[in-house]
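Same chain, two partners: chain A is paired with chain B first, then with chain C.
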Partner chain A sequence: MFSSFLLHTWIAATLLAIAAGSLGYFVVLRRSAFAAHALPLAAFPGGALASLLGFAPLWGLGGFAIIGVLFLRIFSLLGRRDVAMGLLLSSFLALGGLFLSLGREYAARVYGLLFGEVLGISSASLLPLALLVSVVLLLLLWQFPILLLESTQPELANAHAISSARIEWFFLLLLALVSAAAVPVVGTLLVFTLLVSPAAAAQRLSRRPYHAWALAILFAELLSWSSIALSYWSNWPLSFFVGVQGALLFLFSRIFARS
Partner chain B sequence: MPAFSVSTDPVLEVSNLGVRLGGRQVLQDISFTLKKGSVSALIGENGAGKTTLLRSILGIQTWQKGSIRVLGKTARGQLSQIGYVPQKIAFDPYLPLRTRDLVALGQTGRHWWQRSDTAAVAEALAAVQAESFAEQRVGMLSGGQQQRAVIAHALARRPRLLLLDEPLANLDFASASRLVELLGVLARKQGISVLVTAHDMNPLLPILDHLVYLVGGRAAAGNVAEVVRSDVLNRLYGYPVEVLQHRGRLLVLPENPQQGLEIPCHVHEHLDQHD
Partner chain C sequence: MTDPLHLASFLHNSAVQTALWIGALAAILNGSIGIFTVLRQHSFAGHALGDGSSAGGAVAIFLGSAALWGFLGMAWLAALAMGALGLRRARERDLATGVVLGATLGISALFLYLDVSSTQASGATVEVMFGSIFALDPQLLWPTILLVGVAIALIVLLYRPLLLIAANPDLGRAAGLPVRRLELLYLLLLGTAAALSALSIGVILATALLLGPAASALRLARRPWQSFLYAQGIALTAVLGGIYLAFMSYYWSDGASWPVSFFVVLLILLLYLASAALASRRRTKR
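Up next is the complex of A and B:
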């Protein structure tokens, strides 16, 4: 269970859970669950293109997630945010499908990108992941009060000279980075669970801002560790355990929350 | 007394302010000043330009003509001197935020190396009598309690000027009179200049020093006796209006061409508008 190639999976998942839990806290506060679904999907064609042209998938995923952010901001200025999101989702999924169909090994690649390739994590990909996670964590810690206020009461934040547009850019770009890092591990479709369910459960259970934030990170860790262990013993896919346990976590938090 | 005293300077000075929004002149030639420790009201109906004026003072809204000075400086650099309480206050019930945390966030904008001023937080909680629900989630409080929590948030940066947008709009009579009393205390005891927008001036009359009466983007300013007079308001509205007094309360109504109708009918009409 802790053999060398699975060790990479443990390290990657631990790092990823820190980023997903801490950023997911703000996804829930800002009611941006839809964006947390759309941006990993925007990264998807980047992964497909990388495998088609043979460059490192992280560049493709990151590049397309950032293009997704630009797409989102521009289309939300032109019209409604939810419409922009829906269009982003479907057009990028279509693009990813095209890139995959141009290459060989169609089915395996689709599966890897959508549901994750736990055993495909190389030691070379751990360093960029660690760097990315520390950057995300430091930025969030530094901007915590400002993000908290703007996410809960934008009008109060504006009276403190905090620009809502700037915060939205900042938040979406961080979300794009975390999405790009998470797709190779848990896959496009399940980044969402890792972002949303630990944070939502933590906010139910704690009424203190920093306490709930730490709890979100802890829950994200427990969710990914238990999913890896269960996947190892059962030989069922990791993504199955992440998805199902994420939903259960939220359910239990509602039952056990006292206030 | 020092040789020169800053406290006699106006806390807020608006002169000849003009704001255009989407091709429409929303505010025109607005001038007034607020003194230290005074309570003032911006009175006007929906669309009269009250919120635009508040947003201009906060520097969120840009203006084309005139100037706004807070404590003698341009308002943009003085945000830390202004506390703001918006009209729409709604928190998600499961927000991980206690009343105490919301109040502490009132000091946002300090640099990260500056320690938070816990004494100011405690004082702000005490000023609005929020200690009893300081540890509760903000989202679980009643509307009136949430409003007091937001006022404490605004007080936590020890402002010299406090702006409140329609604070009486969603309160019952008892909560409204409690809030009016609180605003009076903040002005008299802590020397904060309070500016409140409202469409009905009557609940505020017991504490009001100064009035800015807005009609269609133009204003008349002064104390109540100077502004709420038929000749002044006639000019502002551009048609004849009359001011009725009933047991210390004031009603402004379009002049009724049919003389001989009794006053209670007017009162009734007025109440219907403000249900």
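Up next is the complex of A and C:
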């Protein structure tokens, strides 16, 4: 199970879970589950373009996720935010579908990008991934108190001259970076389970911010490790276990918190 | 060439005819339901039902039955689960939706994998996620007409209560409406709409067809009933236009036709921008 071909997956998933768990804490706090679902999908055409033109997918994914943030901000000015999000994810997916249909290995690539490939992690992609995750973590820790205040008490934050719009930009850009890093492992569709379920469970179980934050990271690690192990034993896709175990985690935390 | 627009060959192709009919029905239903969805800012639930139905499509292909029933069954199941999990508290709704969505996507990951590895359906992922509008079974036309007919009849019958609880549920409760039952009915209608667009333009583009036309229409219409007509018109334009453009792209790009869903979403996006421009010009005129 820990042989060299899976070792990359273990390292990548461990790194990712740290970033996803800690950012997920704010996704849940800010009620941004839809944004956490939409931005990984916005990265999808980047992966498709990378496979069409043959460059490293991380650049394509990151680039398109950031374009997605711009699209979201511009369309939010035009109308309702949730409509902007729905249009963003559909139009970017359609663009990705177009790129993939222009390439040759259509069917295989679609599945890999949407649901992830456990064995798709090369040793060369680990270093950029580690860099990306540490950048996200440093930025998050640097702004932790401000982000916490703005997410829970926006009026109070405004009174302290903290701009909500700037915090939103900051948060969405971090989300874009994590999405780009996570897509190769769990796929565009299930990144957000890794973001939402552990953090939602953690916030059910603890009210203290740093405590809940650490718990969210721990849950994200447990979720991704057990999913890799189960996927290895059963030969079934990793994202199946991420999705289903994420839902179970959420249900258990609800039952546990109620009793 | 006497027919540069290839209209004759377009309209006489039987695959195209089925596509046009089912696409039009999906457009009409999605445009109408979308009005309620946009009004109650329920976009995430609308998207989640569409995505969730992919699991049903994947299971249906695995079992070898028609994908429509899989899409429909799963969308209804997800609608019931969402209703049970967290319609009461708005704070919880977002998370409950997300968790249901994650679980159903996980299941579709598994079944699409099983479809590809253990049956001969190598195109299952593409078929479920991006739709297979030119490969629809003409026999599906009658069940589709029936579904859309019943759904539209329900909307017309319960037009006022549905609109009221969408705009202001507290007011609906005060007026003595059975809000919970109406909510559930709305979610089931939403599931039906999602399943039909999953069948035609694909699971992941269902959201655009649901939200885009309705949001544009709400911007242009002065009265509620007008918004329904506008939304249906915009959705029809996008779907029928998208099918035509995809058909035509076969001639432009020597043989490699572009996906229908790309053109449909492109048209929806352009019409949305046009409606924003039109509405802002109308505002400055006044």
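Here is the rule we use: the second predicted complex is superposed on the first by the 257 of 259 C-alpha atoms of A that agree within 3 Å, B and C clash if a C-alpha of one lies under 4 Å from a C-alpha of the other, contacts with A are read in each partner's own complex, and residues count from 1 in each chain.
Just so we're on the same page, a residue touches a chain if its C-beta (ideal position, glycine included) is under 8 Å from a C-beta of that chain, and two chains touch if they have at least 3 such contacts.
All values derive from a computational prediction rather than experimental measurement.
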| item | value |
| --- | --- |
| Clash or fit, chain B versus chain C on superposed chain A | fit |
| Which of chain B and chain C A:Ala19 touches, first, second, both or neither | neither |
| Touching partner for A:Pro237 - first (chain B), second (chain C), both, neither | second |
| Where the C-alpha centre of chain A sits as vertex, the angle toward chain B and chain C in the overlay (nearest 10 degrees) | 90 |
| Which superposed partner A:Ala159 touches (first chain B, second chain C, both, neither) | first |
| Partner chain in contact with A:Ala65 - chain B first, chain C second, else both or neither | neither |
| Touched partner set for A:Ser206, first chain B, second chain C, both or neither | first |
| Touched partner set for A:Val136, first chain B, second chain C, both or neither | neither |
| Touching partner for A:Asp82 - first (chain B), second (chain C), both, neither | second |
| Which of chain B and chain C A:Leu177 touches, first, second, both or neither | neither |
| Between chain B and chain C, more extensive residue contact with chain A | C |
| Smallest distance from any CA atom of chain C to any CA atom of chain B, in Å, after fitting | 7 |
| Complex contact set, residues of chain A against chain C | 28, 31, 33-34, 36-37, 41, 78-80, 82-83, 85-87, 89-91, 93-95, 97-98, 101-102, 106-107, 110-111, 114-115, 187, 189-190, 192-193, 196-197, 200, 236-237, 239-244, 246-247, 250-251 |
| Chain A partner contacts - residues on chain B that touch it in the complex | 58-60, 79, 82, 84, 86, 88-89, 91-92, 94-98, 101, 105, 108-109, 112, 135-137, 140, 150, 153 |
| Complex contacts: residues of chain A adjacent to chain B | 29, 142, 145-146, 148-149, 152-153, 155-162, 202-204, 206-209, 211-213, 257, 259 |
| Sites on chain C touched by chain A in the complex | 38, 41-44, 46-47, 51, 91, 94-95, 97-107, 109-110, 112-113, 116, 122-123, 125-126, 129-130, 202, 204-208, 210-212, 215, 219, 256, 258-259, 261-262, 264-266, 268-269, 272-273, 276 |
